[in-house]
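Naming follows writing order (A, B, C and D), and every chain is counted from residue 1.
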Amino acid sequence: MKKSGSDLTKALNPRPFIESLIAILVGFIIGAIVLVAFGYDPLAAYYWLFTGALGSARGIASTLKYATPIMLTALTFAIGTRTGIFNIGAESSFYFGAIAAVIFTNIWANMWFGLLMGMLFGALWALPAAALKVYRGVHEVISTIMLNWIGWFFVLWLIVGPYANPNDPNKTIRIPEAARLPEIGYGLSIAIIIAVIAALLTYFLLWHTTMGFGMRASGINQKAARYAGMNPKLAVMWSFIIGGLLSGLGGAMKIMGEGPGYAISQGGANIYGFGFDGIGVSLVGRNHPLGIILSALFFGMLRAGTAMMQARAQVPLEIIKVIQGIIVIAVAIPSLYDLVKKAVHRGAAQ
Amino acid sequence: MNAGDVITILITSLMAMVPIVLTSVGAAWSERAGVVSIGYEGVLLMSAFFGAIFAELSGHATIGLLGGVLTGVLLGMLHGALTVYLKGDHVIPGIGINLLAMGVVPFGILAYWGTAGQHQLPDNAELWHIKTSTVELSPMVFVTILIALVTWWVLFKTPLGLRVRAVGENPEAADALGINVEKYRFWSAVYGHALAGLAGAYMSVDWLGLVHKTMSGGRGFIALANMVFSGWNPLVSLIGGWLFGFFEALATWLAPKHIIPGQFILMLPYIMTLIIVAGIIGKARPPKADGRPYKRE
Amino acid sequence: ISSGGEESKTGAIAIVYDVGGRGDLSFNDMAYLGASKAAKDFNLDLVELQSNSEDDYVENLRTLASEGKYAVIIAVGFMMTDAVKQVASEYPDQKFAIIDGSDPEMPDNVMMILFKENEGSALAGALAGLIAANDGKDKVGIVLGMEIPVLYKFEAGYRFGVKWAEDYYKQKEGKDVNIDVLYQYTGSFGDAAKGKAAAQAQLSQGAWVIYQVAGGTGLGVFDAVEEALKAQNKKMGPPFAIGVDSAQDWIKPGVIIASMTKRVDVGVYTAVKDAVEGTFKGGVVELGLEEGGVGLSTVDDVMAMFDSLPEDTQKQKLKDLGFNSRDELKQYLEQTRGQVPDWIWDAVKQLQDKIVSGEIKVPAPMDKDGIEKVRQAKTWQDMQELAQ
Amino acid sequence: MGTTERRPIIEMKGIVKVYPDGTRALKGVDLTVNKGEILGLLGENGAGKTTLMKILFGMLQPTSGKIFINGEEVRFKSPSDAISKGIGMVHQHFTLVEVFDALHNIILGMEGHGLFSKIDVERARKKLQKLMDDLNFQVPLDIPVEDLPVGVQQRIEILKMLYRDVDVLILDEPTAVLTPIEVEELFRVLRQLKAEGKTIIFISHKLNEVLELTDRVTVIRKGEVVGTVNTNEATPQLLARMMVGRDVVLRIEKPPKEAGEPILKVENLKVMGDRGEVAVKNLSFEVRAGEIFGIAGVEGNGQTELIEAISGLRKVSGGRIYLNGKDITGKTPRELYDMGMAHVPEDRTHMGLILDMTVTENSVLGLHWRPKFQRFKGVIHWGKVRKHAQALIEQFDISAPGTEAPVKSLSGGNQQKLIVAREVSKEPVFIIAAQPTRGVDVASTEYIRNYLVKLRNEGKAVLLVSADLDEVLQLSDRMGIIYEGEFMGVVKPEEVTTEEIGMMMGGIRYEEIRK
């Protein structure tokens, strides 16, 4: 197939990839220093981290499982960024996707229906922020932070009240078996495949369709986009809606595709935090859908290896969080790549 | 509602306002200079922790507050170095700082005090309060009001403020007039984080007299929303922060009355903020070069 | 941090905390207490795993189970029920214990340890109600965390105790009293500021004793009550706070009159002991007042809790509180309890006995409807109806 | 030209500048500026004029080379170093803080007193007023500069430097955005400054301006100095040849042509401005096939609103617009583009291009939905788009690093050519060309102007809006002179004198002039 070379090369531009890789490396090195400083063995820690995450089929399955929801919420943030919007509303769209899946699969136990409703409600919850932005000029940082909290309490009310499971009040009613996502193996459902497809579609949408072109153009320069016959307001709307849709899908799949519960836990314990985690994932993936696939897998790996790292190397969870923080900070250093390149050149010259 | 209730709500709202206002005033200043940070949540948490240590070591709450400021300063320097001098992305380090805090603080509490997850400050490490027989108020409320006022005044009335705003609106213009864009931006980031540091220390050594591993409770993000709400104006931030504190206090006061489900009461401050912004304030225009690294070449 | 892997250990046990992790001042901390004591007594390695989110449970449990070297793996918290069920069926030879969780289809290599928090909370309610009645007050409060059904048992028990106190006081003094329960779910287990605000609102609305069931949020409740005391230049209540889960009195002596203890440590210790001594049996173990699984903290409980802190921490804590010795703390705690007349303590004891003997039953609602009925009930007898 | 004392105040020697991306913008430039003269700096887009001046102003560091001020070597680390040595610069792209008023823009960095004391606004105002009075060069001091016309913004830029009491004033294309009247005013001030002993470096693409104003001219081509001539010895042809390296036709060949059917018809058009004022009042005119209809006028008299209304970007408050006989009032830009309209907007960097996107992507802006660029409905066939971009580059001789280079890496002239190329590729029947050669070098200007005439010759209707009066006079078949949203007259260029046009631009109706 003669692919438009320009685009493929842009999609696979190695530089940001290498930059993120270096940042990760730096993060691990500083992390090692921290580990040593507190009396842990960094080699053992990292050995078990990777063994836990990648050393067995089970480990790989859990890496993929962890990668799924954050991949989708990261896409939400990335679409926002690419359209010039700082959309941090993925968090609450995720809640709505989850609760919609619970509610609607119990009306009609069909997987596709559940996913569809999850996406629909994720998108619906994104609408107020979109409308406020377009019609009232309300900055999305305010609206999405407020809507996250409002959505949080609303969903808490739904899960403790109307949709609590009468037989097991610590959860909502369960997703009926007929509507659960089929398993690939080792407790991993097809959610990861759907998430990767969603990322690819997002990439395709943004870089290969007229609509995506309009959205990206509006994101960089609204005025020029308008002059080119595009509709930046529509682009903003779509950005929120598609973003909400993706997070909603993430929320729905979180519940429909992950045992053992197949229900939302009381207190929202298993639907909380994914939107915020997604921001970091998106940034490390350079806000590019293809980068996000990799970066989500990386974060998934960190999470999946944590158990082994705690159990075998006895490194407490907090230290692992510290290392994650350092990696993310290191990603922010743009000249890392140049610095390393220079050092390598100098080394080679000698 | 009787007079006592009104006073309770008022005092609660004033105390609750402090961390939000301080952080949003700092954030507003920093963004006026063009430096965005979303790491204030982490700054609050870490400075609550380190502020408490300073207070205990010295036996003075004020030293604790300064310790919080110092924590903020150091984190601000980190952020400033990355964004201003290395021209990095402005959002990423904040996320990193937040993650870092979630690790450092619980670990630190256990390592330093030997109690898991929480620590109570001794009386001598807590700030003196203005007391009546029923209520007490922290002098930090007045300090906060003063800081908001002074920050506003400096930002809009003095050469320093003019330059800071110029650097955030159009760094080329400032640069062309010989203003050292990097210096102003860097120290603005430091100031912003320093105020957040003060806010964090306030939470531990003053407001609550304790350290808990999740005590920041989303206030760093609320402060950012308040900053936007205020149109990047420290004086309006003061009002916005108080309003938020007020609705929160009102919600808390209404909660035991159970007129509507508790979850809906808890939404009140957020809904009111949204209504006020959508209905009255509307479009907020950020500083033009906000969050954009400035490179000459 | 866990004890290192010294050669001399005879075995190992593992514990998986739920997302609250160590420092929740609740079942995670208590579980640690029991596990570390057991590890010492039986010369075992203790491996601890924290969970970052609910998703980690299966992963953490499976990782431990796959090692096959733990005498027992203890899962702390009801949220792990499904995860334990799954992993326990994958590893039928591994022994598990779960705190607070049960499932009718649980495999029989799992010991499910449940607590009757409603019974303990009833004592807290009785204590609160009688203190209020005795001081001529008509309100007590309860500040809770997020609204989740497990907390309904605490609220219901507390309400029951308060109603019972009304009745008791009437019979004792011949005076009708009516004590309202101000209650509030703060929506969070980790925001002390929210807890402080909630307690202040309740205090200003007349609450005389406040029971906190809110983890880290509850720390703010203690601070609010302490502030209210200081405003009146009092070092000791009333008004009082009541702690929860562990004997929290040591956190703020003088402010906390007692705590509703939930002896997760005992449960964990028992599980380990059974596993080590070969008497481990799967199935539900329910610990109520009768079994000493819940109760109202005694001064000895508090001192035991205090003693479990690292030595440096104990010293520092004493210094912070202004005591020269451990005994002074103990005296102070006794003095605090002395603020409440003996007949009240006796009355609470009476209630305890009646519950233990089965004469009185405390409702344990599991869902919103259930707690709503308890809230509507006018007398403790009505509530008892609901306990059937 | 006055006799100048031939003492160099500035000497730049062997200046080399390599940008971090490897662009060799300057390859060893020597430049001498004498005290008290006005030196013209000429060169095509991308020749390196701005780069050289930014180095002199301390905004850029040279890769190598030396700078001497009054014979003494200097090293500028930042503009403040340059300013302290008496060198000031007015930038090609304005460097104003848009939300500040003129006063604060001017005093920025020189507010006086300590950093923390209150700014003494009144003192600054007095000082400024005196400066403005001395030069008879007024600007409103209290209005945010974003609300001021560009001409006034330009003055503020100049005042900013004069306020700093500089001896050498660098002006980088100051006239690109000015109306003839404003240019005249500027020249008067510059001459007065020269008379006061100040030295001026003047950059422009407009040969006649350089010839009129300067004492000497230095020409740069591709980062090297071609030569320096005394202005009184120079001719337009000579300068153009030096700049481009070949002969340039400075007159546009425009064969007479009979105009055809009306293509665009505007009837009683009323349009509101951003601040709610009536920007276009009851305007009626038509543009016929094979005709260039020019609109001249001082900027800010409703031109922008008019264009936006015609192209569907702004709501029409009254009246009708017809294209090819069809009522197009209220249609969206996209619909209009599909009906045969094309639009070269007035501001290429903000309206015409998306600088961070590639040449390919920009080449298809506004045509991206056309079936020929689609794989299937809604999916762009980038391969075809890239070929399209390639074709435009070849056909219009655009110099670009490649189709996948970001468009911001192109020089201004080439950016403008890309826009024209793209718009023409829409195969329009009607083209709006707003400020088509603003800031564009001679060669590109020549190309673009000739192309507009070519379109006209092919029977297209062209609406030309330009602040460059020469351009309108040269290209238009008919022209309307706009003043406060109304035509003061619609005339044929050859039938009126420049004075008459000037009067109309000042608000006097043609009938009254002819009376």
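Just so it is clear, a residue touches a chain if its C-beta (ideal position, glycine included) is under 8 Å from a C-beta of that chain, and two chains touch if they have at least 3 such contacts.
Here the structure is a predicted model, which means the values were calculated and not measured.
Enquirer: Tell me which has more C-beta contacts between its two chains, B-D or B-C.
Expert: If we tally the C-beta pairs in contact for B-D and B-C, the bigger total goes to B-C.
Enquirer: In whole angstrom, how far does the Cα centroid of chain A sit from the Cα centroid of chain D?
Expert: The answer is 45 Å.
Enquirer: How many Å are there between the centre of chain B and the centre of chain C, using C-alpha atoms for each centre?
Expert: Using C-alpha averages as centres, the distance is 34 Å.
Enquirer: Centre to centre, by mean C-alpha position, how many angstrom separate chain A and chain B?
Expert: 27
Enquirer: Scan chain B for residues touching two or more other chains and write them down.
Expert: Within chain B, residues 106, 218, 263, 266 contact more than one other chain.
Enquirer: Hey, what residues on chain A touch two or more of the other chains?
Expert: Those would be 153, 156, 160-161, 316-318, 321.
Enquirer: Which residues does chain D have that touch at least 2 chains other than itself?
Expert: None at all.
Enquirer: Mind giving me all the chain pairs that touch?
Expert: Applying the touch rule to all chain pairs gives A-B, A-C, A-D, B-C, B-D.
Enquirer: Show which residues of chain B lie in contact with chain D when the two form their complex.
Expert: My answer: residues 154, 157-160, 162-163, 165-166, 169-170, 172-180, 288, 296-297.
Enquirer: Tell me, which parts of chain D touch chain B in their complex?
Expert: Its residues touching chain B are 19-20, 57, 59-60, 78-84, 89, 91, 93, 95-100, 104-105, 107-119, 160.
Enquirer: Could you please specify the touching residues of chain D with respect to chain A in the complex?
Expert: So the residues of chain D in touch with chain A come to 311, 313, 332-334, 336-337, 343, 345, 350-358, 360-361, 365-366, 368-369, 374-375, 378-383, 385-386, 403-404.
Enquirer: Along chain B, where are the residues that touch chain C in the complex?
Expert: By the definition above, chain B touches chain C via 4-5, 8, 12, 16, 56, 106, 109-110, 113-118, 120-123, 131-136, 203, 207-210, 212-215, 217-218, 248-249, 252-253, 255-256, 262-263, 266.
Enquirer: Flag every residue of chain A that touches chain B in the complex, lowest number first.
Expert: Going through chain A, the ones touching chain B are 38, 86, 132, 136-139, 141-143, 145-147, 149-150, 153-154, 156-157, 160-161, 279-280, 283-284, 316-335.
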